[in-house]
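Beneath this line is the structure, given in C-alpha cells, with notes to follow.
Should a chain be cited, it is by its letter among A, B, C, D, E and F, assigned in written order, with residues numbered from 1 in that chain.
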Amino acid sequence: MAAVCVAVISKQNFPLYLRSVNPQNEADLQFQYLVHASIDVVEEKVSTLGTPKAGQDPREHYLGLLYPSEQYKVYGYATNTRVKFILVVENTTSQSRDTEMKMLFKNLHVAYADMLCNPFYTPGQKITSRTFNNAVSSIFQMSKGFTSKE
Amino acid sequence: MTIYNLYIFDRNCSCLYYKEWTRQKEAGIPREEEFKLMYGMIFSLKSLISRLSIISAKEGLVGYTASNYKLHYFETPTGFKFVMNTDTSVGNVQDVLRHIYARIFVEYVVRNPVARPGEHVDSELFAAKLDDYIQDLSFK
Amino acid sequence: MSRQGRPQDTRKVSGELFSLTYGALVAQLVRDYEKDEEVNQQLDKMGYNIGVRLIEDFFARSQQGRCHDFAQAADVLTKVGFKMFLGVVPTVANWSAKGDEFSLILDQNPLVDFVELPETHQGLLYSNIICGVIRGALEMVQLEVKVWFVQDQLRGSDSTEIRVKFLKKLEDAVPAGED
Amino acid sequence: MSTSLRFLEELLQPPRCLVAMSGLDVRNNAVHRAVWDEFTQGGRRSERKPILYRNMPPDHLYPKTSEPTNYEESKPLGVLKSNWLRKQCLEVPSLVVFFFDLDWDESQWEEKETECASKIEVIRAALEGRATEIVIVLLQTTPPIPVGDPSSLTSERATALCSLCGLPRLNLFALPFTDRPLGFIIRLEDAFYKKSLQYYSHEISKIKAHKEIVMKASPSHPLLLRHQFKIAFYTEMKEEPANALKLYQTAYNHLLDSMFLSEDKIMEFKLIAGFLSYKICQLCFSEDEPLSAIQQFRRHVDRFGKEQGTRPLSFQHHEWMSRQFSAFGDIFSEAVKRGLKAIQTQNPGMYYHQAAMSAIARKKLSHNLCHEASITPPSELATPPETTYYGQRPWRVGLTDDLPSSKEKRLTYIRTLQAQEFKIEHSWLIIPLLSKAVSYFKNHNSERMISHLKVLMGEEYYQVKEYEKALVLLRGVVEVYRREQWWKTLSSVLQTLLRCAYLLGHLQDYFLFSMELISYYIPISTEEKTRIQHNALALFSGQAPDPEPGVPHDVQVSAYQLWADEKNSVQPSQFTVQASSAACFIECKTVFSQSSVLADSPIQLHIYLRSSAPLPVSLTKLVVLFYQEEYNKWCLVGEPFTLAPCLAKNFAFSFPVVQSSVGDRLEVHAVEAVMGEEGGREVTMVWSNGVSERFTSLPQDPAWRKIRVRNSTLIKPRVPGLELGVDHGNPALTSEYFPLCVSVASCEPRPLRDLVVSLSLTDKITVDGKNTAELYGAIPLTPTAHHKKQSLELFFDSLDPGAKISENVFLSTHTIGERTLAINASYSVDGVVREEWEPVTCVCQKSFSFPVSTVKPFDVTYRLMSTKFKVIDAVSFDEPFIWSPRYTACRHGNSTSTTPVWICRLM
Amino acid sequence: MSVTTVQAETSQCLFEFLHMEIVSQLQQEAGPDKKGEVQQRLESLGHRVGESLVERTSRDHPRFKNELDAVVFMCKQFWVTAFNKNIDNLKTNHQDTYVLHDNAFRLLQHLSEGNQYREEAQTYLSFACGLLTGALSNVGIKCQVTAEVTKMPACTFQVKVLL
Amino acid sequence: MGIISVYIVSKAGGLIFSHDQPNTSAEVEATFNCPLGLVLEEVDRQVVVKYGEKHGIQVGYSLVALNGQPVANRCIPDGTSAMTVLTNPENYPVSLKFARLRVSINERIMLLSMFHSIYAISVKLSPAKHSSGIQCLEADSFKFYCFQTITGVKFIVVADNKQQKVEDLLKRIYELYADFVLKNPFYSLDMPIRCEHFSTNLTRFIEEN
C-alpha cells in the first residue's frame, strides 16, 4: 500500500491543500476530481455520524474507506473542527489495515493542528507551510513502509 | 505578638502602602513626612551598617530594638522594603515579612493588572489578605 | 479526558495559551506597523514592562538573593529564570573578554514551536520580547544591560542566540535631603 | 477476438428447460396455432413452469452426441466448448412433444396409427444417443369421454398406439380441443416439466459418473472444471438456485486453484471465471445475499484485475474488466429494481463508473498500441474462425507450440485484432456507462460525484465532436466547482468549455469562459491567460478569436465559418454577464463615504474596479444603479477608461439627496461596466449590489483587501434651524380659556417658506366618550362646535432669517388632570449643497410635547365654631354658631384668603 | 507541587503578564474612554487563539455528538488547557443559549474579591470571550459570547448561538 | 573575639571616645589578568569594589596594594592613580591586594553623628508610648548596641552575634567612664576623652570578656 495523494479540505469544502506524490503528471488533476467527489461520502458519513459498522465508533474521526476504485482507494477522516483529510492510496489487491491508515491520519492531524497554530497563517486559506509539507512527505514515506496483508 | 504597623516602600523612596493595627503613638507629623522620615532612617541605617561591617558591604539590615518596640526590616532584591514594628517580645520575623511579600504583595499587587508599578496600593483585596494574615499572626 | 500522558507534553499544553497568545499578538503588530523594526521595538518595550513585574514573581517563587556578580546573574537567569518560566535552560556562552557580555543559546525555543515567518517579514525578530523581559528584569536588580538577538532559528540559524551586555550597576534611589 | 469477450446471451438469462414441440403446423392450422400460443404465452403465468418451448418439424435433426471419449489419456483442449451453452439452451431438448390430430373414434384409425408411429420413429432416430424422452399429445376435437365411463374402446386404442410407437402408456396424452383448454394445458405442462427434470437429473448423474472416473485419474484434471460447470448449469436449469450457487462457487474456487496462467491461457480462464462469477453474483442477489455478491465480485476483480495478459492485446483486459463491472452493475440494478436498498457507498452507479473507467483505460491503450497496426493492417484481414473452446486464442487451435508458422499466425491475428480495435469509437461505449452511473448516483445526493462523471462524459463528447452536448453538460458542473473554489478542476473544465464555445462560434459563452479563465483565481500560466485574454479582447475589435490550441484541424475550418457568420450577422451581438456570480477577472467594490448623510449634504460614493488579468482592459462605460431609480442619472462614466493589471481604479461620485428619499436607505442595486462600443459587439458586466466578494481566497493585494464595502447609506433629514417655544402658566383651571403663547424664531440663513405650526392634544382625558378639552385659535364669543378642535394649525407663509413671531392659542379643559400637548413646526427652506447644483428644497421638522395640568380654580373649606370660637362639628337648632369659610386659589401657590366670619342660627 | 504543576503555574502567570501588558498597550493606543475598541481588539486576538487552541485540544476527542457536547468540551478540556481549571457550572435553555460560570476566573483572581475595579474587570474578560467564539466557531458553532462579572473573581460567559 | 569596637558619643552627637579591637581584617591578594572582571569605583580617597566577586573579594573591599606597592589615597607611591594603571591592558597581569578596611576616623565621626540623629528619629517614629531610641541595631553578622545615659551620653558597642550580655557590659563601661573619666578633674564634658586610665582599663576589661 502506498499513499499517492493527500488532501486537506476546509469546513466549507474548499481545498486547503492537495498534493500528490509526483505533482507534474496529469494524474494530479485526476486526484483533484477524485478527492472532490469523495467529499460526498464524507458529508454523508459525518452527517449521519457514520454508519456504525461492527466495532467502529461512530464518533471516531477516522471515516474508513470512502470509495474503492479500480486504481485507487480513497480514505477519509474528519476532525472536530469539520476539517476533512483525504488520503488516496494505490489499490493493491491487498487490504490496507485500518490501524495503519489511522496512524497516517493521526500524523496528518497533528501536523495540521500545529500548522494552524502558526500565527501568520490565516485560517481558511491555502496551506503553504514548509513544515506541513515535510510532514506530508514523511507520510508518503511511511505509507510505503507499511507491509500489507494479503 | 503585637504588630503595630507596616510600611512598604518601593525602590524610589515612595511609600506604596502603610497600615497600622495597634499603633499607640503618632509621630505627630503628617503621614507623608513620617514616610519620608522612615525611609530616610532606613536608608541611613543601611549605609551605617554597610560601612561599619568588617566583613563586607553586602551586610543587610535586619532591624533594631528600642526599649518599647522592635523594628523589623526586609528588602527584596528588587528593592521593595518592608518595615514592620512590633512589640519587643517578638523574635525574628523575616519569614513573616517574606510571606507578606511573596504570597500577598506579589499575588495581589504585582500580579494585579490594574495596579500600575510605583503607584500607591489601593487594592482592597490586598488589604484584606494582608489583614487576615496579620490578624491570625497576632493570635499566635 | 484525552490528555496526553507524555509529561513534557503537559508543560506544552499549559504553555500553549501563552505561546499562541503571543503569536496572535505578533501577527497583529505585524499587521498594524509598516516596518519590522517598529514591531521589534514594540515587542522589546512590552517585554520590558513584563520583565519588571515578572522578576517579582520570580523572587517570590525562588529563594534567590540579589546577585553581586554578572556571571552569577547569568547563571541564575538561565538555570532558574528560563527554566522556571519557559521550561528550557539556555547555555551561557561566548563570554566577552571583559566579562561584561555573554550569549544565551537556546537550542529549543518554546515561543516559536509552530511559527513560520512569512517571506515578506524576514526582518522580524519574532521572539524579541525575551530581550525586553531580560532587560526589564535585570534593571530591577540594579543591572542596566543591553539585550539583542544575534541569531534566530526562525531565520534559518540552527540555534537561537541572545546577547546580553552589562552596562552599569544602578544605585538605590537616595531619599530627598540625604546625600 | 474482442467480440468473444462479450457475455453469452444464454448466460445472462436464468436458463429454462428446453422442450421441443413437434407436429404442430402453426402457420396453416388454426387449432395448432392456438395450442402453441397457449403453451408459449398462455395465461396463469404464476402456475406455469420455466420451460422454453421450441417448435420443430418432426424431421428436425437434433445435434449429434459426441461419442464418449476415453478420459484416461485424452487431454482436453479447453474448458468449455463455445457452443455448449447454446446447445443446452436452444438445441438439445429435454423432451420432445409430438402433437397428432387423432380422435378415439377416428374412422381410419389404423392408417393414422401407423402414420403417427412412423413420425415417432423419425424423431427417435434424430435423438439417437440422447436420453431425451418423447411424448405424444393427441389433439382431439370430440369432447372427452365423461369421466368414470371406462370406455373400452379408448383404453384399447391407447395401449395399441403406445405399443406401436414403442412408448410407455404414460407418454401418451390427449388434449381435447375445447374453447378453454388452459386447464388441460397446465396439466400437460406439469407432466412435461417432470419429464425434463428427469432428463436433466439424468444428464447430471451421467457427468458425475464421468467426473468420478476423471477424479480417479487425477484429482486436478482440467476436465473437472468443465464437469463442475455443467453440473452447476443443469442444477440451475432444474430450478435449484441454492444448490446451483454452491456448485458454481466450488467451480470458481476450483478454477482459482487449478488455473495455470500461461500467456495465452489467461484469456480463457478469465472468461470462464467471469461466467462463474457472474452466475454466483446473480444467484447471490436472487438468493438475497447482496453482500456476498459484492464480496465475490470484489474478490473476482481483485484477483483477475492484474492479469493484463499479453501486452499487445492488453486493451482486451480492460475491455474485459469494463464488461465485468458493467455486468455486475446490471445485476445489481436488477436487484435494486426488485427492491434491494442501495446506499451511497454501494450502488450500481459505482460499478458503471468503474466500467467506464476501464473503458477509458482501454481507449488509451488501444490508441497507443493499435495505431501502428491500423495504418498497415495485415494483408488478409480474415476474421479468425470461431474457436471450438470458449475464449481460446484462434492461433492456439490444434496448436503444437513454437512452430515458426504458428508464431507467424499469432502475429497476424494480433495485428488483425489491433486493427479492428482501432476502428472502434470507444467514446460511444464510455458515455452510456457514465450516464447510467449518473442516473444511479442521482438517488444518493452525490452532486460532486455526478459532476465528476459529467466532466468525464463531457470530455468524451468533446472527443467525438459532440461539442453542443459537451458544452451543455460541462456548463452544468461549473458552478459546483466554483462554489467550493476548486479552481484547478474548474479551470480544466473551463478550458474544455472554451474550446467548445470556440468551435461552436458561441460568442457569449466564449467571452463568459475567458472572463473567468483570465481571473486571478484560475491557476493557469500567465502566458496562457495572456493568450486567452488577447482572444477575448479581439472579439471587441470585431475579429474572430484564434483557434484554441489542440482543436482538430478538420473542425477548425467550420469554426472559422461560424465566426465569420457571427460577425456578419445583421444585429450586433450585445449581451450581459453576471460578473459578481462568477470568478470574474474584474472585481468591484462599492463604498459610500458615510454610513448616513443629511438631506442637505452631498452623498459621496466610490466605485473601485480591479482587473487581475495580465493585459490592460479598456471599458467604455460605467453605470451605478440604485434601488431608488431617481439617483441613477448621477453615477455614470461616459468616456472610455482602462484598467491596468492588478491596479485598483477608483471612481468617486458626489451627488445631492433627492428630497423625496429622505428617511430611506439609499442602496446600490448594481454596478455595470461595458466593454466594446455601441453598434459593435458589446458586453455588459453586472455586479449586483456592486460587490464581488464571493470568494474567500483573497488576492495578494492588501490594499484591495483593506477596502471595506459599504453599499448602502441612510439619508437623514436636515437639521432644522428653528427655535420653537410655548409659554404658558401651568396649571390651567377648569373651563377657563387657558392661553398658550406659541413662538417661532428662525435661525436659517435663508427665508423659510410655508411654515406650519400645529398643536394637538395627544393623550386625552375623555368622560363618557367625550373629550374634555379643546383648543381654540382665539377666544370664541359664543363657543360653537366648529371652534372646538383637538388640534389646530397656525399657518405663516414665510419667515425671514432671524425673524421671530408668536401667537396665542387657548386651551379649555373641563376636568382636572394632566394632559400632554404636542407641538410641531414644519417648513421648507432652500439649501445649497454645492454651487454647481441647483438648490434643493428641504423640508424640516421640529417638534416636542409638553404637559399641561388642569386644576380647580379654588377650594372652599369652612369651620363651624361655637360663639366662643370653639370648633364644633354639629350645630343645634336655634343656637347661634359661627361659620368661617376659607377660600384657597389653587393656581400660584395656594394663596388663601379668609373672609369675615358669619354668625348664623338655624331656626 | 509537582514539577509540571509548577510549570503550568508559571506559564499561566507568564500568560497573565503578557495579557496584562497587551491590555495596557491597547489602552494606551486607543486612548481614554475607548473601552469598546480595546475590548473588541482583545476579542479578535482571543478569537484567533481559540481557533488554534481548540484544534489541538480536540484532537483526540471523539467527534462531537451535538452542540451541547461541544460546549461541554469547552467547559472541560478546553478551559483546562487554557486556564488549568474547569468551568464550574454550565446552564442552558436547550435552545440557543449557554451560560458558563467560572467561580474563580484566572484573570480576575488577582484583581478583587468584591466590587472594586468592577469597571476595569470587564476588559479582562474580553479575551476569554474571543477565545470561546474562536473555539466554538471553529467547531462549527457560530455564536456571540458576552461576559459578565458577578462577584469577582467569579464571572459568567453567556454563549448565544447564531443560527 | 566578640567585641569589635566601643564608642562614646556626647549628647551633642560628637564622638568623644572610640576604641577598635585590633582585628585581622579580611585581606586577599591575587593576580589578575586583563580584563579585571571587577567593577571598581573611587570612593573618598579609596578604590573600592562596586560590583563583581572574585577570589573571595567582595563588594566593598578596597584596593590596598598593587604589585606589592601600597595603594594610598587611590595612588601608588609614584603618584599615578591605581585606576589609570588598571585601565591600561599592558599592565596586566597584575597582582592586587584587597582588604575590607576599617572606616577612617573622620568617617567614623560622621557615621556616629548620623547615628545620633537616627537615634532621635527612632524615638520619634516609635509606634509605642515612651520608647527609647535604638538600643540594639541588628545586621546579618553583627550587632550594634547603644546605651544612652540619662545625661544623654551614648555608649556604643559593636559586637558580632556571638557576643553575650552586651547590655551589662555597657553598664560596666559606663561605670568605668564614671570612675575614670568623669572623676578626672581635667576632663571637660563633651570633649574627646584622653585618659590613659580609662582606655587601659577599658581594653583590659574587654580582653577579659
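Quick note on the criterion: contacts are C-beta pairs under 8 Å (C-beta built on N, C-alpha and C of every residue); 3 or more make two chains touch, one makes a residue touch a chain.
These figures come from a predicted structure and were not determined experimentally.
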Common touching chains of chain F and chain A: C
Most contacted chain pair (by C-beta pair count): B-F
Most distant chain from chain A by Cα centroid: F
Most distant chain from chain C, judged by the mean position of its C-alpha atoms: D
Chain B and chain F, separation of their C-alpha mean positions in angstrom: 27
Length of the line joining the C-alpha centres of chain C and chain F, rounded to whole Å: 43
Geometric centre distance via CA averages, chain E-chain A, whole Å: 33
Numbers and ranges of chain A residues touching at least 2 other chains: 114, 117, 119
Contacts with 2+ other chains: residues of chain F: 58-59
Residue list for chain B, restricted to those that touch at least two other chains: 40, 44, 58, 107, 111
Interfacial residue positions of chain F with respect to chain C in the complex: 34-35, 37, 39, 50-54, 58-59
Interface residues, chain A side, partner chain E - complex: 11, 46, 49, 57, 59-61, 78-82, 109-110, 112-114, 116-117, 119, 123
Contact set on chain C toward chain A in their complex: 16, 20, 23-24, 26-27, 30, 113-118, 121
Residue numbers on chain D that touch chain A, as the complex places them: 298, 301-303, 305-306, 321, 343-345, 350, 353-354, 357-358, 444-449, 451-452, 455, 481, 484-486, 488-489, 492, 696-698
Residues on chain E engaged by chain C in the complex (per definition of touch): 4, 6-8, 10-15, 17-22, 24-25, 41, 44-45, 48-49, 52-53, 56-57, 59-61, 76-77, 81-84, 127
